[in-house]
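The following blocks contain the structures, represented as structure tokens.
There are two complexes below, and they share subunit A, which is joined by subunit B in the first and by subunit C in the second.
Take a look at the complex of A and B:
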């Protein structure tokens, strides 16, 4: 009967419940960043944001995330190509291994890198006499980012490779194209959407990385302190406002990336 | 349009001597295994310049594999592929200059129609002007000018297929290979398109190999038909040869309906049960007492209520009409042969006669006859009528043959 009159009580009720549940879990925490961040006036907010150390932390985050993303997209592309085009012994083992880093706690990842590259690490101890120190540099942050975001781009690109008809590449070959030409003109355009979304995912994840970064970077303000580390440090020092300014930037940044992924889906997947 | 046609003609008859250029493509003794399964077994055939050859066979008979080997997408286990007199067996696909129209068309989804067509020239680094000119000519040849800026997903199946053809014509292919080109289309479009493609091929004069499992399509498309069974060519010949003189029972039954009666060779005659047919048998091909099959098509059966059949129609036997059905254009009769019946046709001047001594189960088998409308209107038949049966043509094959020594056929 309710349906006949076109009104279903369950509808507003369940929507209301959903929003109510999300309120303390997601909406309020996010809202408080913005409320507190600007509660002392926009002037103070701006000053906190443009403090040299804050600027440096943001720039370092962007730069290290950029290089990690570049590497992981290229690697993901290559790995997806090899693993979907060739069948060989241990193929599935490789696929599982590539995907493994997602399941490893980030602190463990950072710790593992330290054990390998640290001054007394498995490889690090041979590099130290040469004057090469990888840990506690920007390079270490990139390494940690790569490790932690390793499977993201691969995971997005591989399924597209798998579903891509083999006959497109064969057609290109019979028309006279070399493998490189085929990859460039035929394969790559079909992967455009997957590459862009894989890159955005990787970048977003790398910018926010904390657990592994804090172990391998040394957390030196103005030298190896990324934006999330800056938030943590300022909070510990009691400078809530400084921490809050950067938190707002990171939150907005992830909104932006997420919106692109969500609303440009049609464009990204265009066939 | 004429320009493209001229361009094609020049391209497919390059600098080879006349004698060589007669054969556009040859498959010589090709075998192929997948694992331990034999997929192709000693396949050989030629395609002449400008010819359309159809590979006809059931699904899984190895047709696509032959095509892929010619295109260089698959390596043969033995044998070689020749294109215009040149051995290309070792060449990779991209150096063969073969045009493949894939079953799914395999158009590049992110390229417009004109980009698809120009692809072969772009990767050959032709000048922009030249590419544009060729693309324009091909667009008008396949009548897609107004669709040039569209993407493949915006085109109908038939249009996509024309783009696929134009895309291969752009680089002047040695031979065109079509894998089940009409498989994905509805029945009406299919008939329409195959006529269109046939006309197009005549215009550009490029030799073509078609793959199909549809016998009607094969008969209409092919200058010649190769019937493939289990990776083996049973017969290759013109549509009328394979239809009228099938080399094997398989060919006879795969290309249309066929009546098959078993018999033996006796004194240079064929004995089917108690019926003796003094067919003009090549004695060298058959031995006394050999079991053979008498094969004839429903439309080769003539039926008469009287003992006299029209001249040239050899009287075989009499029978009882068991079932009459109308199949659109013609009438279909199921007739139970009646060897016990004393009535026989007038032998007349026909080379056939029959004896009615020992009736056997063989001749008691029903046969199928079809009659065109005018005939069925002129002589109305009803269930249970006794009719006299004649044959206008038939084929005699050894019973145990797979690769038979060749058809022996009388008219």
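Take a look at the complex of A and C:
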């Protein structure tokens, strides 16, 4: 090593290089959303943001993402528990299948849901006579969100399960705790960090979901139009300012989520 | 669970009509037709009517309806999409039996260029010049794109027919091919294409005349070039019979009829569509360009011929494959 002491040229150079590389790839695209969204004055920006359909779209995105996150965290916990505790034939196949939705194009996910639950789909056609229709409702958006974010929480929780020391659980059992008590008081607390970060990741991904929702939701403004669909619709209509206003909200929102993830890491990662 | 989801505005006693429209219908419907009809229905029946709508490429909304979205009414760019809905059993009533063959309004196809017309584009033929970048919607999802292809191809047929008494198909094909070599992007709908053009993409855009007029109204730096010969696109309305409940039928039927009322037709003209019921209304709009040789889909023998013969045979098999 040559630069052990004194001024290390590589340091500012490499930092500068890093920022420079991120400039056209990440920083400038984000900056242009902010610049364009507010270019017609803050008054117009606020008006675009508080348009009833925009507010509805944001609320719908939050609500559907919340339910999808809740489901996927609970499912991820359960799946991680089963798959790290028990060894059985087909275990690896299940793990691979759970991870699959990350690699499937989201449009295919939406299409698959339509083919299954659509009014003329494999299962949907039997529900239709009962007056049940899932596609083109908020329920469809939740299903799509669950599908595309399926492996995220599981992926964060399972490694923690895998590496968790079982001696604590065994100790808990020897002093007479039931399985449920052990899970509740011993296993779950050590999963706290994984659950929170799994949930935030899932939520952030679900809020931004577009490809599958545009197919399954019907894209009706004020009814089944989520925030990303609203942005797309406004862009198509040539109302780029309105599209940008909501885009800014979503960008700030992701920034917030990932800041929480980053800064709360210490608090969350307690063993 | 549904109580934990945001609810659309309360539906206290009123009726909701769900309309899917092709992309450029948005302004006239939301700003004039919906409120106009709602006021009329309220006056006559003392009942509120609300509209929910989605606007996208004509083929796109047709596919959505075929997948089962709960549309009551669709206004499409092309008759072919109405045919598709009929073939799949979604539309059982005959829209051709409605007034004016089910056509609610029309608009000619024109070329939009940047202010000052820097590339010197005066007719479709100029789009084939080397170095001209053309934005053209995608005929797979957009009805407007199909009209545009028919406009370009047809204009050459009309012109050659005038010159030699015989439409020259080889010449028309050649021009379409040359123009498509200059196409730099194919957005999903006419509106999407307009947004792209508006953001500075391309030198020319072939689209509905009213798109250009709306852009000029909004102060965008564009000019409208009216071709010597071009097509009038005609837009049909259909009732999605499979989705309309018996209770809703009267209001949906009344809405359909309203589209041909003087009030609605005048509103369309205000938003730069041509009226189909009364030419005198069209005189009101001074911004309409003068077209020397207009033609319609009838020139090709209707959509049942135009689609297989021009869009499929000429465009998909000869233009797209040799591009």
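Definition applied: the second predicted complex is superposed on the first by the 265 of 271 C-alpha atoms of A that agree within 3 Å, B and C clash if a C-alpha of one lies under 4 Å from a C-alpha of the other, contacts with A are read in each partner's own complex, and residues count from 1 in each chain.
The rule we apply is simple: a contact is a pair of C-beta atoms (placed from the backbone, for glycine too) under 8 Å apart; a residue touches a chain by one contact, two chains touch by 3 or more.
This is a predicted model, so every value here is computed, not measured.
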item	value
Combined model on subunit A: subunit C and subunit B, fit or clash	fit
Subunit A as apex of subunit B and subunit C, Cα-centre angle in degrees (nearest 10)	160
Which of subunit B and subunit C A:33 touches, first, second, both or neither	neither
First (subunit B), second (subunit C), both or neither touched by A:175	first
Partner chain in contact with A:186 - subunit B first, subunit C second, else both or neither	first
Subunit B versus subunit C as contact partner of A:47, first or second or both or neither	neither
Partner chain in contact with A:112 - subunit B first, subunit C second, else both or neither	neither
When both partners are placed on the shared chain, which of subunit B and subunit C touches more of subunit A	C
Touching partner for A:56 - first (subunit B), second (subunit C), both, neither	second
Minimum distance between Cα atoms of subunit B and subunit C in the superposition (Å)	34
Subunit C-facing residues of subunit A, complex	56, 59-60, 63-64, 67, 114, 118-120, 124, 133, 135-136, 138-139, 215, 218-223, 233, 235-238, 240
Contacting residues of subunit C [partner subunit A, same complex]	1-2, 4-6, 8-9, 18, 23, 26, 52-56, 64, 67-70, 188-189, 191-192, 194-195, 198-199
Complex interface listing, subunit B residues touching subunit A	71-73, 92-100, 102-104, 106, 108-111, 119-120, 122-124, 153, 167-168, 171
Footprint of subunit B on subunit A - complex, ascending	165, 167-168, 170-178, 181, 185-186, 189-190, 192, 271
